[in-house]
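Just below sit the structures, each encoded as structure tokens.
Paired with chain B in one complex and with chain C in the other, chain A is shared by the two complexes that follow.
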Partner chain A sequence: MRDFTLFIPEYIAVASAVAILTAELVWPKIRKDYLAYATAAGALGWLIAAIPYIGNTAGNFENLLLTDDFTTYFRILAAGIVMAIALLSAHYLQNRTTTAGEYYGLLLVGGTGMVLMAASRELLTAYISLELLSFSLYILVGYLKRDRLSNEASLKYILLGAFSSAMLLYGISLIYGVTGTTSYEGIAEALAARDGGTDAATVVGIMLIVAGVGFKVSAAPFHMWAPDAYQGAPLPITAFLSTASKAAGFALILRLFTGALVVDAVEWRAAIAVLAAITMTAGNLIAIQQTNLKRLVAYSSIGQVGYMLVAIAAIGYGDAATAQSASSALLLHIAGYTVSTLALFTALTAHYNRTGDDSISGLRGLAETQPFLALVITASLFSFAGLPFFAGFATKLLLFQASTTDGLLWLVGLGAANSFVSLYYYLMIMRQIYLFDPAEGQTRFRPTPLLGALAGLLLLGMLFIGIYPQPVFEATDHAASALFEVSASVLASGR
Partner chain B sequence: MEEAQGYVLLTGLGLPLLAALILLLLPSSQKMAVRYLSAVIGAILLGLSIYVFLAYQASGNVIQMELQWPWIEHVGFLGENGISLHLGVDGISALLTLLTGIVAFAGTLIAWKLEYRTKDFFILFWVLISGVYGTFFALDLFFFFFFYELAVVPLYLLIGIWGSTRKEYGAMKLTLMLVGGSVGIWIGIFAVVHEAGLGTFDLPTLWEAGRNGALSPEFQKIIFPFFAIGCGVLAGLWPLHTWSPDGHMSAPTSVSMVHAGVLMKLGAFGIIRLGIQILPEGAEFWMPALVVLGTIGALYGAIAALTQRDFKLISGYSSVSHMGYVLIGLGTLHAVGVTGATLQMFSHGVMTALVFLLIGALYDQAHTRDLSDYGGIAKVMPLWVIAYVMAGLANVGLPGLSGFTAEFHIFVGAFHTYPVFGGLAILAAAIAAAYMLRMFGVVFFGPLNPRWSDLKDLSPMETISAVLLILSMLAMGLWWSPFTDRLENTILNLPGVTS
Partner chain C sequence: MVPMENYLVLSGILFSLGVYGVLARRNAVLVLMSVELMLNAVSLNFVAFAAYLDPDKATGIIFAVFVIAVAAAEVGLALAIVIRLFRNRSTANVDEAATMRW
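Moving on to the complex of A and B:
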């Protein structure tokens, strides 16, 4: 039976999107920040509607989508991200465009795509959900029509995105050719049932899928689009790119790799480990040379993706218990990373609204002109670097600890060394903020109450996850165990 | 009683954080309020530290004043007591707590005259102090590392904003080297927690795992260098000491005091807590190397100090030299030597804090730290010179001052296990006498350079701090049984330490 009640939260999101698009159509002169508030309200409704699903028995929609705690976790994350992005776009977009309906509508649609990626348990559904998010992002990145950088970014992103989609589809078709099914469970069973070694088609198929998804989460060497897209996109969309699209990518990876491909772990785990090593090293080393803040954040987030891939490698190398605890720690790290990134971008948006400068040196003297924003930026950078009090310290330590398995200590060590490298360029930003006097003509200012409150809230969130992660960790633990309830039978049959 | 004492420890690490939070909310124009609040917090912490030291029963359990709050457990890979806020002191940390209280209070008073961004300074200062207390109290690996990092990170801004000579370079070098060291600790933590396989970060549980063979000797031998080098960077382990002279030269006075006085001890303390206690087999295997490096550090630091002309560089190198003794003492793995190492941590802490205080007091007026610019200072700054001579003599190891007690123990321990290195260590002490006496002659005595005729002597705040530090040196120098008694039980219970 088709149970349509499984997706009530998403109906709310999509209905809000349609309502917002219509509102601007009917009333073109509507104040653009009202649309932002409407989006945030819709996202809030979405989030609240998701809460009753926590802890429910998993709902299965036609073997295509699954609403378990894992999906619910990403629902709440997606709704929260969309809400924060909408709020921080309000003022930014008001001054830069004449239409905003599509922007906010696409935010909600993109968020829905993210949830569906987490819910998919079938390759084509996963692919379509991924494209739903990607297409929203292609448009959003180029939303500043008169801005050349924004146009360039969008074009680059579309071309490379289409290229990666092609690879992903090719991979999917190869796997389908070998196993005769696109359902994750079916794939796992078919892979486990083969006797004799793995054939080349499977390996090539898996590698193409890894490359395709690697593009989407901007893992090196498939990261080339990221810095340009980050730099050209409107600032709030840069935040959306570095939170939603990465979280969604990892949701898909987790579901796919634990559900379908885990039986063939020997085939891909080394590749993922190497990918993680290259990604974190390249991201952090290239970040050092950046002078533009958005590009720096792009490379720094590539580094973060490298850390997250360590957990995926651990799923391949470890036993079932390790795989589950690594997944749970990864979800925790994603939560901490998301909150920190949103906090950073809220502060940067408030700063950018005032100065219009997105170079690193544009931050000079911020400690004097706006100490609170300086504090929020410092906190989020420290969180990325994994320093105490802030989310990143606890989540990264737990992520690496959970991923430590016998074959993988080298990768975890490399991760620790990379966090050290990252501290250097974060300190270079701190240097501008705290050690230098403000540029001439810069005076003390106040962020708008909305951005100030949002930044404060996210700062508290960062502190909470950093100091007392137990509640969030329990939630991610439930989400991760939901992931493994399905694949427990798979694990038992294969390996 | 035990529980109530646990809350004292909690206050020790919580109060400075609370102070930082209150300061954050104060308007930055309220400089006097900031100072008074900080002085009061400093005094309370001093009282608390003295209480912790005195209340530690020499004849009781090794770990006292325990407090354990579950923090994160039964999730992911974490089992029972996975991560808990587990606090407690043993003899070693009780002594270092006392040191922290003394130096932090003295540092607060010295920072009284700071005018530039006073509020921000004290916020970072208290965060740092909280990190120091937390590291000494933590009996959980997660929180140990949490507070350890917390003590290191504020240094970048403290030196970068309020420092002097080449402050940005010094701050960056120091921060990167110290955080680079903690990468080693981090890797060590991952390896140990994974290998023990107990799903817990609780230190006493891991110590037990290290003793009963759950961590195999081969594993311990591989992982020990990660901890030893990681913590060794902070302890000024040669050849990873190079941040010390640069960092100390750049740092503002009270930061130098706390940094050389207390923070460097965190490194040596980490070698005990993580290295010797978790990985006794590894420690036994690698200790000769630590003794060699410690001896090189002691000699190198002393010889380098002999050739320097800048006050702060002399003290920076002298710190490297003295921390070398600490490493030699630990490396002996002999009860007397380890006792000496711990005493030396305290002794060097108060002595070097005093030295940096005095250098700061002089530099603030004269704006030069070059020895050859001075001469005959004793005529205009008698109190200053007396205090400096006390510190210098403690540095040299004159009987009656703390340096003698500490170094004597170290030499006895060293002669017991490594006679050759004991001899070399004594040679370093002789060189120390040379660089101290050279400084006395050039700066304090001789004809007064007329340029300095209007230098003022120590201010009341500086005098109070200096007296406090000198009293601590005298206490350990004249009557050391309260110190050694409290250490005895703890040190005999360290795995691998012979008596």
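Moving on to the complex of A and C:
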């Protein structure tokens, strides 16, 4: 039965997007920050509408989309991210563009794409949802039309994005050729039914899919677009790229790999483990020599993707229980990483609105000119590095703990070593903030009340997840068990 | 009847040509055309598989239609971005849009 009530939250999101676009068409002179507040209100409505779905029986839409706790988890995450990004953009965008309706509309549409990626149970639906998010991002990255860096960033992003989509699609077509279906369950059954052995088409297909989604979450060696897109994009969109697109990519990977490809884990787990090792090492080592703050965050987020991929490798190597706890820990890590990233970017946006300088040395003496922002930046960097009391410590610890399984110990060890490397360049930023005097002409300033409040709220969230992760952990546990309820039969038949 | 392998070989050749074009071309428009070539290879694959292996459900044919539609949207978007780049820099060459490295 087609149950159209399953997607009421997304209707609200898309309806607000259309309303915002229309509002600017009807009143072209409308103040742009009102559009930002309207977007945040729409996202808040989206979040509230998602709450009744928590713990509900999974709603199945024609075997294409599934609204279970896993989807609801990403719904709340997406709505929260869009709300924060809209508030971040309010002041930033005011002086930089003449039209902002498309910007805020696409933000909501991109968030909807993220939710649909988490909900998809079929390859065509998953692909279209992926492109819904990607297309929104291509436009948003290039939104500053007269800015040369913004143009360049979006050109590089769309060319490499289209290239990776083509690879992903070729992989999907091969898997379709082998299994004769595009639904995850059907693929799992067909792969399990093959009488032992393996064939070239499946291996090539899975590898192309891994490369395609690797591009989307910017895993090395497919990460080359990320630093440029991050640097050229408007600052709030950099935050959107590093939270929404990564979370969405991992939502799709989790659904696809636990629901369909887990039966054939032997064929991809080594590749994912190697990818994780290369990604975290490359990301953290290249980050050391960066001078631009946005590029540094790009490489540091590539390092974080490496840690997240460890959990995906654990799904391939471990038994069903390991797979489930690794998925749960991954969801928790995504939540902690998202909150830390948003906190960092809120503080950076407040700093950038004032100085217009996005180099690392531009942060000189921030502790003197704006101690609160300095504190928020320091806290989020500590959280990325995984120091105690901040979100990153608890989530990374649980992630590595859950992923520890036979054959993966080396990878977990490498992850711990990488955390130390990352601490080095995070401390270099703090050195600029705390040990140097402010640049000539920089005086004490206050962030706007909105950004200050948002930064404070996210700082509290970061401490909350770091000190008392229990409530979030329970939520991710439900989400992960919903994920595995669906694939329980698959696992039973495949292993 | 033409065996299915012929279609698959043709699509493999098309895909490889597309990959070569993406790597070797300097002009952004030509890179886009190469990506189109890759997507055509994908469509051909889907249609061939649907016709030979899955004739009653035709999932592959529907997939091919979607691939064509998404590809059209992608080209529209990418060309708009190339035009923006050309207005700002008077070039559509990928390697000249290289202010940012490493």
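By our rule, the second predicted complex is superposed on the first by the 495 of 495 C-alpha atoms of A that agree within 3 Å, B and C clash if a C-alpha of one lies under 4 Å from a C-alpha of the other, contacts with A are read in each partner's own complex, and residues count from 1 in each chain.
Throughout what follows, a residue touches a chain if its C-beta (ideal position, glycine included) is under 8 Å from a C-beta of that chain, and two chains touch if they have at least 3 such contacts.
None of these values were measured; they are calculated from a predicted model.
K.L.:
Output check: A:Val412 vs chain B and chain C. Expected answer is one of first, second, both, neither. What do you get?
P.N.:
First partner only, chain B.
K.L.:
Please work out whether A:Ala162 is in contact with chain B alone, chain C alone, both, or neither, and reply first, second, both or neither.
P.N.:
second
K.L.:
Looking at A:Pro221, would you say it contacts chain B, chain C, both, or neither? Reply first, second, both or neither.
P.N.:
Neither: A:Pro221 stays clear of chain B and chain C.
K.L.:
Applying the touch criterion given at the start, work out whether A:Pro52 contacts chain B, chain C, both or neither, answering first, second, both or neither.
P.N.:
Neither: A:Pro52 stays clear of chain B and chain C.
K.L.:
Kindly list the residues of chain A that each of chain B and chain C touches, one partner per complex.
P.N.:
Correct list for chain A: none, the interfaces share no residue.
K.L.:
In their shared complex, at which residues does chain C touch chain A?
P.N.:
8, 15, 18, 22, 28, 31-32, 35, 38-39, 41-42, 45-46, 49, 53-54, 59-60, 62-63, 66-67, 70, 73-74, 77-78, 81-82, 84-85, 88-89, 94, 97-100, 102
K.L.:
Help me check something: in the complex, which residues belonging to chain A touch chain C?
P.N.:
Residues of chain A touching chain C: 123-124, 127-128, 131, 135, 138-139, 142, 145-146, 148-149, 151-156, 158-159, 162-163, 165-167, 169-170, 172-174, 176-177, 180-182, 227-228, 231-232, 286, 289, 295.
K.L.:
Over in the complex, which chain A residues touch chain B? Could you list them?
P.N.:
Residues 321-322, 325, 328-329, 332, 367, 382, 387-389, 393, 397-398, 400-402, 404-405, 409, 412-413, 416-417, 419-420, 423-424, 427, 430-431, 434-435, 468-470, 473-474, 476-477, 480 of chain A touch chain B in their complex.
K.L.:
Looking at the complex, which residues from chain B come into contact with chain A?
P.N.:
71-73, 75-77, 120, 131, 142, 145-147, 149-150, 153, 156-157, 160-161, 168, 172, 175-176, 179-180, 182-183, 186-187, 189-191, 193-194
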